[in-house]
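In this document, chain identifiers A, B, C, D, E and F correspond to the written order of the chains, with residue numbering beginning at 1 in each.
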Amino acid sequence: MIDPIILFFLLGATAGLLRSELRLPAAVYELVSIVLLLSIGLKGGIELAKQPFMDLLPQMLAVVALGFFLTLAAFPVLRFLGRFKRADAASIAAHYGSVSVGTFAVVIAYLGSRQIEFEAHMPLLLVLLEVPAIIVGIVLARGLSRQTRWKSIAHEVFLGKGIVLLLGGLLIGWIAGPEGLTSIEPLFFDLFKGILALFLLEMGLITATQVGSLRQYGLFLIAFGIGMPLFSALVGTGLGWALGLSIGGTAVLATLAASASYIAVPAAMRISVPEANPTLSLAASLGITFPFNVLLGIPIYHALAVWAHTFARG
Amino acid sequence: MQSHTRKLLTVVTEAVLESTLVKDIERMNAHGYTITDARGKGHRGVRSAGWEANSNIRLEVVCDEETAGAIAAYLQEHYYADYAMILFLSDVEVLRPEKF
Amino acid sequence: MIDPIILFFLLGATAGLLRSELRLPAAVYELVSIVLLLSIGLKGGIELAKQPFMDLLPQMLAVVALGFFLTLAAFPVLRFLGRFKRADAASIAAHYGSVSVGTFAVVIAYLGSRQIEFEAHMPLLLVLLEVPAIIVGIVLARGLSRQTRWKSIAHEVFLGKGIVLLLGGLLIGWIAGPEGLTSIEPLFFDLFKGILALFLLEMGLITATQVGSLRQYGLFLIAFGIGMPLFSALVGTGLGWALGLSIGGTAVLATLAASASYIAVPAAMRISVPEANPTLSLAASLGITFPFNVLLGIPIYHALAVWAHTFARG
Amino acid sequence: MIDPIILFFLLGATAGLLRSELRLPAAVYELVSIVLLLSIGLKGGIELAKQPFMDLLPQMLAVVALGFFLTLAAFPVLRFLGRFKRADAASIAAHYGSVSVGTFAVVIAYLGSRQIEFEAHMPLLLVLLEVPAIIVGIVLARGLSRQTRWKSIAHEVFLGKGIVLLLGGLLIGWIAGPEGLTSIEPLFFDLFKGILALFLLEMGLITATQVGSLRQYGLFLIAFGIGMPLFSALVGTGLGWALGLSIGGTAVLATLAASASYIAVPAAMRISVPEANPTLSLAASLGITFPFNVLLGIPIYHALAVWAHTFARG
Amino acid sequence: MQSHTRKLLTVVTEAVLESTLVKDIERMNAHGYTITDARGKGHRGVRSAGWEANSNIRLEVVCDEETAGAIAAYLQEHYYADYAMILFLSDVEVLRPEKF
Amino acid sequence: MQSHTRKLLTVVTEAVLESTLVKDIERMNAHGYTITDARGKGHRGVRSAGWEANSNIRLEVVCDEETAGAIAAYLQEHYYADYAMILFLSDVEVLRPEKF
């Protein structure tokens, strides 16, 4: 059975492709993303409180390494197979080495409605996976030059809206614990999927605007936008399995690996690698990979996780 | 009531540049600026303001001719190549020249 | 006992008339209407899933005919009694032949709080009743000229925000069914009346801004703004009864007939019949008919429905 | 245990001080305040319906007197100790003689999560306490000149957003009563603390912007911003005790007295006493007193109330 | 740094016209445009932007004199009679004339 | 197509003044005005539009030279001392002079 939130995405995409007058005001889009980011953070924080932090360290380090690896793996493909300019290849690679919070929300909802358990500290891994790709992307574009203003880049990366709200939510959830949060549950937990539905409606509208650019940049970008997440999901599944994650947790990690950023990385690249063409990376990440993951990818990654666990056990 | 001529520099560019531009402008001795949110279209395609990466700002600075020219030249040199940006200058009369 | 949502409307209208500083930002108004439209669509869609579509066909056709009839009936009154210019008469007639989603939401809330059942596919009839009046209105203003750009008019009408969200909601509700939607119920169903309260607060503020124009255009408009919905409600009651609707369903259909558009039709007329003065139609529809329906009309139409059913049976 | 809503305030303040990109659009801030104001009003209105209005008259008069007194007490301190210009002293005094709805919401949440009862008509006292300070402030700045345009000032004061929504909510709650409101509870009551959390996040961001001005205006303002609420809370505690309020009610009244306006009064002073520098009063009220009350003040005022009641009884 | 003179055409009109105007302007060879949301008052009464039917937009086009005149004449002919609309032209200097 | 010269008066000031200014302007015979929301910085510090007390508006009036001068002088006299406010004037061509 298809999840209704996916239908909201399709509604938005259809309305956009048909050039409907439907449009969500920017303020609504921001409200919806703020609540989603806080919800995800809070949920993760609550669970973080239940386990010794030190036990998570290996997973945290592994996930940071994953971010480095995926970006470095994507770059040569884009540069040599795709024949992109250095800056463009670096920027697109950074998008795919990082993560998409929207895709994360969808996989959470997917597992939730199928009552599949997953490790509750996943939001922490989400935060960790956002950052390394940005650093690699900048270095790939610029080299390790002295001139790179790392201080202002660090500011841009760590104090962007996404990280502040996710980390802030994590900390609040951690400190307040499950009981402390009961009073704010109706907004942040009960409304989660409804708000996610509105978010996906908007994402559908935005995705539809990318079709024009896709037509322009052609087949390689489409192939990359599907092939790269499949490859990343395989790596993510392998890592999840190696770290001993549950089936659900493995599926989430695979989805995280497969997802491509469209908020944090574009903003950082625009400032730090301005000569990279943002239309290219957004067309791929929003026009191809986001819909692919949401519509087809997540069930595939789930199947991969099941397969890895059965295979390993058997 | 006596009036004085100054330059109005108007810049339309990507919202992501806001804080950078503000710093540039202040460093170059403008005494103030005004910003409004905008959308539009130009050589770099449609920027419809549906979300952050796609929004424009419209920035105005009233200042003396020299400062206006310096800022315009600076912005053109540093941002024209990589960012969606236009800028234009016009003459305005102000009443209190010491404010600008 | 007066429904609190009506009190919100009165609060908004009073604040507006007293020229209070109270104002809802446009983005909030849009968020609130988007959620209302989706909620209404979803609720209808769920129920649509329960019955064979073919059974509804007669009702659907009848309702389309109702839309044509009401517009054609209003036009001569406005043109010859009201002495309006051709374009103005056509435009006002189109407003009254179409429907108001806000009024629909209020009658639903009214019946809900009195636990009166009504046919659950009413949102579908709402969508169908929005369109014919627009076409008739344009033809009345322009004649059947070859030059009328029907393609762009169809785009305007069918891809306007209201229809896309209502129809989209209907389809999502239909496909996902009641169980599928449980996860998004807290936002779209539980908050429905609260969000309707905010919407009516804003509607009160907007209504208050119409008083000036009313003063200018005088008595005929006021009389029409009350007389026309009463006439339409009679027709709607008759049709509801003839179609074999329940008391609740008859009351809803009467209210739909009685309501006048203030979103879809104004937008369409502004583009397709620009020489019609929008102040006239909005003053009538928002300044008179909306408050009349919400405050007095709905109880009257309910009484009418009860009376029709008793009379018929007895 | 620290309340999570306080953590949202700290998150906002930290993000602001670190110059994060996090920002709530103005429309979201307005939506959040509108819902909070209506919720507080509605809650108070429901309870008001339960008791004879006349019994409240003494408390109402006392609270109005409190507003006059606090403003008059603050003025000489600011004028002679603080050496502020007449207009500035009058304006700051008016801010401290009036109240902050945000602080009120926090004390309500504080008592609620500790299950401490308080008199349910407190929102009525909140409304009453908003107004007198404004009048006193204007008279202190202007003298009792004939030229003061009291009519437009009254309009400004009584038809400002805050009062309209609070009073409107009170009236709606009063008329509709508890049963009438069940249908809008999910939005206005269940979401209350979640929405308060978003509000405090934004307040934290705003508070952080005041730090610059504080540095500029120095020590006296900081001392006043902490000393004045402590003094006011003492007076409020005394009055609460004298009026026979419960411990919870006394704590609320003390908090009301201690809180300083940052919405209604700034707007009124800007129009009626424009020569007063708004940066001064907002730096004190938002930069010092709001965070002080929210983080430290409320527990202190609660302790004061407990102490007053024990002392009186013992 | 050499500068060149162009015309800035500013139009304030009903928000409902946005997509129509944009099509008109592009057909008439303007290379871009900038739009901001606005409210106001004129001969057709107060337009306070409280809701869609009541909102204005403020549209700017930088272009050569001929195009500006042509667009202005076209808008005046097609929309002045039926829509709330004003338009005015002013001289601006641009740095990169080929962009406009 | 004949065009006529008018003045465009632009005022950037605190949002709280909106209704007062609108009354002033109408009393002084302007036939209309256009307002957009803005943020900015000037002598009275940063006004970032995060909330009401901190928001700017940008108000434009197209009118004849005399009216523009009168409004500018009035605003300067009544508000410059106490409010964040700048204003400047420029020349614009309009097509239908009777509208302004």
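The rule is simple: a residue touches a chain if its C-beta (ideal position, glycine included) is under 8 Å from a C-beta of that chain, and two chains touch if they have at least 3 such contacts.
Protein identities per chain, from UniProt: A, C, D = Sodium-dependent bicarbonate transport family permease; B, E, F = Transcriptional regulator.
This structure is a prediction, so every number in the text was calculated from the model and none was measured.
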{"item": "Joint neighbours of chain F and chain C, given as chain labels", "value": "D, E"}
{"item": "Distance between chain centroids, defined by C-alpha means - chain A, chain E (Å)", "value": "40"}
{"item": "Cα-centroid distance, chain B relative to chain E, in whole angstrom", "value": "19"}
{"item": "Where chain C touches two or more other chains at once, by residue number", "value": "23-28, 31, 186, 191, 267"}
{"item": "Residues of chain B engaged with two or more neighbouring chains", "value": "36-37, 90-91"}
{"item": "In contact (per the touch rule at the top): chain pairs", "value": "A-B, A-C, A-D, B-E, B-F, C-D, C-E, D-F, E-F"}
{"item": "In the complex, chain B residues that touch chain A", "value": "14, 16, 20, 44-46, 48-55, 79, 81-83"}
{"item": "Complex contacts: residues of chain C adjacent to chain E", "value": "23-24, 26, 29, 202, 205-206, 209, 213, 262-263, 266-267, 270-271, 274-275, 278-279, 282"}
{"item": "Residue ranges of chain C touching chain D (in the complex, touch as defined)", "value": "1-5, 7-8, 11, 15, 18-28, 31, 109, 112-113, 186, 190-191, 193-195, 197-198"}
{"item": "Residues of chain B defined as touching chain F within the complex", "value": "1, 3, 6, 8, 22, 26, 31-37, 62, 90-96, 99-100"}
{"item": "Residues of chain E touching chain F in the complex", "value": "10, 12, 36-43, 56, 58, 69, 72-73, 76, 80, 86-91"}
